[in-house]
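Can you keep this structure in mind? I'll have questions shortly.
Naming follows writing order (A, B, C, D, E and F), and every chain is counted from residue 1.
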Amino acid sequence: MTNKIKFTDREKKLTRRLFWRNMFLGFNMSYTRQQGVAWDWVHQPVYRDIYKDDDQYWEAMQRNLEFFNTTPNMVGTVSGLAVSMEEENAKAPKGTFDTAGISGMKIGLMGPLAGIGDTFFSGVWGLIIMGIAISFAKQGNLVVAALPLIALIPNILIRWYGQKYGYKLGSQYIQKAVEDGVMTMFTKASSIVGVTVVGGMIATLVKVPVVFKTKINGTVFELQKVLDQILPAMLPLIVTIICFWLLRKNVSPVKVLIGVVIAGFLLTFLGITGA
Amino acid sequence: MILYQAFVVGLAMAFGKWINAYGSFAQLMPFITYILLAILLGKNPAQALIIGAAVELAFYGVMQIGAVLPQDTAVGGVLGVAFALILNQKPAVAVALAVPISMLAVIVWNLLKFWFTANVEVFEKYIAERNSHKFNRLWWIQIGVYELAYFLLAFLAILLGTAGIKAFVNSIPAQFLTGLTVAAGMLPAVGMAMLLKYVWNIAFLPFFIAGFALAAYLQLPIMAISIFGIVFGLIMFFIDRDINNIKTDKKVSNSKSNDEGDFFDD
Amino acid sequence: MILYQAFVVGLAMAFGKWINAYGSFAQLMPFITYILLAILLGKNPAQALIIGAAVELAFYGVMQIGAVLPQDTAVGGVLGVAFALILNQKPAVAVALAVPISMLAVIVWNLLKFWFTANVEVFEKYIAERNSHKFNRLWWIQIGVYELAYFLLAFLAILLGTAGIKAFVNSIPAQFLTGLTVAAGMLPAVGMAMLLKYVWNIAFLPFFIAGFALAAYLQLPIMAISIFGIVFGLIMFFIDRDINNIKTDKKVSNSKSNDEGDFFDD
Amino acid sequence: MTNKIKFTDREKKLTRRLFWRNMFLGFNMSYTRQQGVAWDWVHQPVYRDIYKDDDQYWEAMQRNLEFFNTTPNMVGTVSGLAVSMEEENAKAPKGTFDTAGISGMKIGLMGPLAGIGDTFFSGVWGLIIMGIAISFAKQGNLVVAALPLIALIPNILIRWYGQKYGYKLGSQYIQKAVEDGVMTMFTKASSIVGVTVVGGMIATLVKVPVVFKTKINGTVFELQKVLDQILPAMLPLIVTIICFWLLRKNVSPVKVLIGVVIAGFLLTFLGITGA
Amino acid sequence: MILYQAFVVGLAMAFGKWINAYGSFAQLMPFITYILLAILLGKNPAQALIIGAAVELAFYGVMQIGAVLPQDTAVGGVLGVAFALILNQKPAVAVALAVPISMLAVIVWNLLKFWFTANVEVFEKYIAERNSHKFNRLWWIQIGVYELAYFLLAFLAILLGTAGIKAFVNSIPAQFLTGLTVAAGMLPAVGMAMLLKYVWNIAFLPFFIAGFALAAYLQLPIMAISIFGIVFGLIMFFIDRDINNIKTDKKVSNSKSNDEGDFFDD
Amino acid sequence: MTNKIKFTDREKKLTRRLFWRNMFLGFNMSYTRQQGVAWDWVHQPVYRDIYKDDDQYWEAMQRNLEFFNTTPNMVGTVSGLAVSMEEENAKAPKGTFDTAGISGMKIGLMGPLAGIGDTFFSGVWGLIIMGIAISFAKQGNLVVAALPLIALIPNILIRWYGQKYGYKLGSQYIQKAVEDGVMTMFTKASSIVGVTVVGGMIATLVKVPVVFKTKINGTVFELQKVLDQILPAMLPLIVTIICFWLLRKNVSPVKVLIGVVIAGFLLTFLGITGA
């Protein structure tokens, strides 16, 4: 991919505007269109610029109110592509450009992009950043206030370059990446990072502190010590696996949550766990 | 006094919910909100962070994917931390309040989204009428209502709830607080399990085990585990690429040219 | 006294050899037998375990595969531990006795198996005669003789050997005992080497090195090494599956349908 | 594989009986038939039940006295399959079922199953369990008596479910697994675990304690320390590699064993090793 | 005294440069030369090693590949260590001298190589003349000049430079020495970067990260990192072999026989 | 590959001579022929022995003065092969053996062998040995003088066996290894070891000691500690990555080196780093 992309002044201005407006994609979601209304509001000024013809402008607004849903951070690419297609439409003699292609592209890309985006942003990046932030915050360290600057880097980069390349390089690359399986490979790699981190988090962040001890034949028997000798962080692992198993059985998260709270109280009242 | 407190918590809440939607800046993290909250309430920001850390730990890993939002952690977090700060309570108390509040608050979002959904046809009408002005007005009204709703929620919760919460908290027996601390410590398990469910594939099992073992036996911090996770992810990515190239080659050699393989070579 | 001791050691031995054959319960482990032995001899079971651990370490990794049984560790273990307990000796002494006994005892098994082999044609005859009763009788007689043989072996060893062993043990010079301890410490190397020989494939070399390095540099306990071993095994399993799928695909695409790939998908 | 298998009452009883009798497979082995006699004794009641015809019963007994040898823990699958085939034979009109198929199946499966079984049970599972047990026993901790319960879980499960699925689902699955290479992949994965554990054991369980020290130019030179700086657990590794190399040269295990003992004494008498 | 010192440093230098070319014995390592140097100068060899370690660290990873030789580390090392030993200076001073000298000394090598290049046609002429004697004579003359050049370089540097270097070193302010020590500590980064550049391929990224993380978090020594590196290398080798076999199989099945796959099987 | 290779007495003598002469391959390199002159000097006695005919001998000398360049440690294989080909030439009736094949082989193999050789000897083995040597030398431990013996083992072995097998087994194996990709696989594996070690070295050998500390609200803020909490050895990593990036931009190593020295001084004068 070349990184020499020339933009005209008009394009630069539009690009910047689109970038900022896209920040609002997460607002005003509805059950029926999800981010459809937001898409329209976001692209309003761009469509206005593209379609000198008022009929065409309103047609575009109406058309783009359709259902749309993706990870907001990933919207840049789709936005860029969609805008370049709308421009083709504007330039083409009336009736020769099939706008169904624009819808098709939006619908086709929003899924895979949400797959990668949710995995990466919620499942990996957010997890790591939050983990580090919590470890700072625990000590009351105000440095934590600086972390967002790092945290937002991939967010901003993907939004900005996604839109830029989406606009200029067209759909063939993304299409190709999907076909070549690069997209899947990337999601898989992200998931592996996520799963590894989750494994580590269980051992470090989930706490099931056992305080039970007793005397057997005069020697003190501390349950936690025996458990640690078999496998450190064994109970946090077991608790998480049980939760996971319940969720896979489609028990609602809220029920699992309540169940864990009850278990925590019960174990404490029984004198097994404590603080 | 209580009015002022209710007002600033309302502001912090409005800010928090804005961040929730704007630019997917949620990674700007609630901690900023907690620091803000502490400053506005005249409390120690470091203390707010410590309380906030306990709350975020209990929410750790909870995420919204697609339609399902099991807990509104922003609302739970702000109110939990606010009450704990105002009443000078321990982190465990903040957790005790944050978790149920976060579950209840989901209702508010559902109501708002219901109204937004009803408005979709109004937006459609405005487009049909070619009325940009009305379209934009409704857009901003919705955002305004969204913000106001959460502001009011927090404002009223502090104004009306503080006395009750105080009485409630003071009546909590010590053993109950211990139970609470234990329960809060166990809560991240739910978030972890949700994440696992979302990305799970049996082929990831070894990496899950590796992450666990690295942390359990070598006491590595989160950053280190993440780095090793990236190592695993990259290794598998490149192995997959090699395997994939063969597959592609095979298909290609049966049909057309061979220039696809070098997409990634450098 | 010595008669009682000889009798209970005989019992423990019979039990141990039963476990050796029944249900492949060997993983019920000799330690159960050692605890039993200590109780019957009126000795401290914890002490029996400590002695037993030294003995089992010297036997560690020794296994019978197919026809070759290099040591009868059950016989060596029970008698070694028994003598050490009766004579109140150190673990090193138990090892010193257990290793040679385990090698000699293989003879007994070979004799028994020789007799069983001779009996095969008797079993055949009973089947030809359609005589279930005789068939079953010979079956149980063989098991009885097997059990009795080991009972007597242990009984006689204790009854007749104790005095001699005692004299022998007391005459061992200190340096010899040191040498013994060192030798016992080195013995697991043989078991390890046998295991390696059994499973060896040059492609496993990296995992062997990894296991070694994890233990040598990070001081990880056995459990942790096993867990990392499982991680490696699983990773390679899934990579092999992916590679294998391509192979299968290839063959399949040349011949028949494509529904084999999803045997393992979930 | 579905886990909804319906058994009639008769089948349930037979199944249980077979399971318990199979525990005896390790007894009375002979050089010529290995577990052949035991197979017959184990299956006696089942054959009795299947073949109402006395001729057929004794023919089956005679036939099945043939050579058989597998890891006892793995026998369930073969047993289950064999019994289902004998039932086919019993139902089929005389002379139409070729009993050579039963022998073929037994001979064909006993090898791969022994490969997996020995690798897994002796090479991996036994090794791990024993390693943990020794570390408990060393401290005289009686908790070791509870470990067999865990240790026997895979033994029991594989015996029970192997037999159950063998009986009901027939040979196609196992056949398929062998053909697909899943069997090989599984053995390979098990071996990797085993090899890793052996590598670790060498560093933790094999001991070659060097006590040699001398003064060079007034500074104390401790051989063990220098060795540790180059590679911790270097000598245990070297000793094991030598043993491995000798065994591969087909030196008998007993000779290697004696050699190691002699080496231990020699090194000690020379003042190099000690306790 | 100074003459003797200049002479022995010249000898050490000649030895060092010999080792540089002969048999690629560079892995005989400069440390041998430093010990030699210390003995000849009547200094403590252990001290020479400590100084030498600082210098080699600053050169660590620098290597000549093909035509590019960025630093002549042998010359820099011998002279740096020699001056530090003679003037009883700290390792940091040796580094301060070794680094610039190593860069300047590249000129000498370039001059020599230029002359060797000019001589190539002389060698050709001798071959045309079928004159073995002259061919060999020129060969040894070149080697003699090479050795002599470096001997003289070192000899003169010590003889003429020592006084100036001493004055210079004594005038170095403390803060400058601190800066020097810091700079020397950072220098291995350049060697590392050069190595990376030479072998880099994006697919190696995970292993680079792994090596870094193992050292940074687990404080493993070089040997351990190397061992884990070997583990990674071997694992990838065997996976590549498996993948490669499929490719080969494929091509083969399209053309000729199948006996290539077992080249590596054992 | 069989390891039973029979040499005649004459061959043994030649082999040994070639081995020792090849030690000189690194001397007298020129810009135009690199190791070409050295090749000729090295093979002189062998050519003399092969070509009884003086014309042929001098023709060979002239021919072999051509450009040659490989990792000296890897020369054995090429040497062995070349000599066996020269022998074919000597035996063949004049004009029937095409000596272009010898040149072709030399040119064809010197590249891949240099690739492996440089990667392995400079990039991996030298790095490891030097790393260990430095850690001994730092403590003034004279044991370091014994390390070369270990260090030279692969050097000697590859030289000796390379030459031996090159001579006897001819080019087909090496050719095959190159074609099968075994060569590439091996270089890749070596590079992985090298890259891993470099990663590790950065964390252990590159030092950027931060001494900056200040008081914020009465609490001491030590920059190094905060950096370590985020990522240990972060600055050494960043410095190396910058150098790497500059080198990839083809900035000359000398400039990078000077840049690092200047940076070290600057940071120290600013009070950020120190000793």
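The criterion applied here is as follows: a residue touches a chain if its C-beta (ideal position, glycine included) is under 8 Å from a C-beta of that chain, and two chains touch if they have at least 3 such contacts.
This is a predicted model, so every value here is computed, not measured.
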Practice item. Could you tell me the least number of steps, going only between chains that touch, from chain B to chain D? Key: 2
Study note, to complete from the structure: Most remote chain w.r.t. Chain A, using mean C-alpha positions, is C
Review point. With chain centres set to the mean of the C-alpha atoms, which chain is at the far end from chain D?
Key: E
**Study point:** Separation of chain A from chain B, taking each centre as the mean of its C-alpha atoms, in whole Å
**Key:** 11
Review point. Rounded to the nearest whole Å, what is the centre-to-centre distance of chain B and chain C, using the mean of the C-alpha atoms as each centre?
Key: 54
Point to revise | Centre-to-centre distance between chain F and chain B (centres being mean Cα positions), rounded to whole Å | key: 53
Review point. Where the CA atoms of chain A average out and where those of chain E average out, how many Å apart are those spots?
Key: 49
**Study point:** Two or more partner chains touched - positions in chain D
**Key:** 132, 135-136, 230-231
Review point. Where does chain B touch two or more other chains at once, residue-wise?
Key: 207, 209-210, 213, 217-218, 220-221, 223, 228, 230, 232-234, 239-241, 243, 246, 250
**Study point:** Footprint of chain A on chain B - complex, ascending
**Key:** 20-29, 31-32, 35, 45-47, 49-50, 52-53, 56-57, 60-68, 70-71, 99, 103, 113-114, 116-117, 119-120, 123-124, 127-128, 130, 132, 135-136, 139, 142-143, 146, 175-176, 178-190, 192-201, 204, 207-217, 220-223, 225-226, 228-230, 232-234, 236-237, 240-241, 244, 248, 260, 263-264
**Study point:** chain E-touching residues of chain C, taken from the complex the two chains share
**Key:** 202-203, 205-207, 209-210, 213, 217-218, 239-240, 243, 246-247, 250
Review point. Touching chain B in the complex: which residues of chain A?
Key: 23-24, 26-33, 36-37, 40-41, 44, 54, 58, 61-62, 65, 69, 71-73, 118-119, 121-142, 144-145, 147-148, 151-152, 155, 159, 176, 180-182, 185-186, 188-209, 231-233, 236-237, 239-241, 243-244, 246-248, 252-254, 256-257, 260-261, 263-265, 267-269, 273-275
**Study point:** Sites on chain E touched by chain C in the complex
**Key:** 218, 220-221, 224, 227-228, 230-235, 238-239, 241-243, 246, 249-250, 266
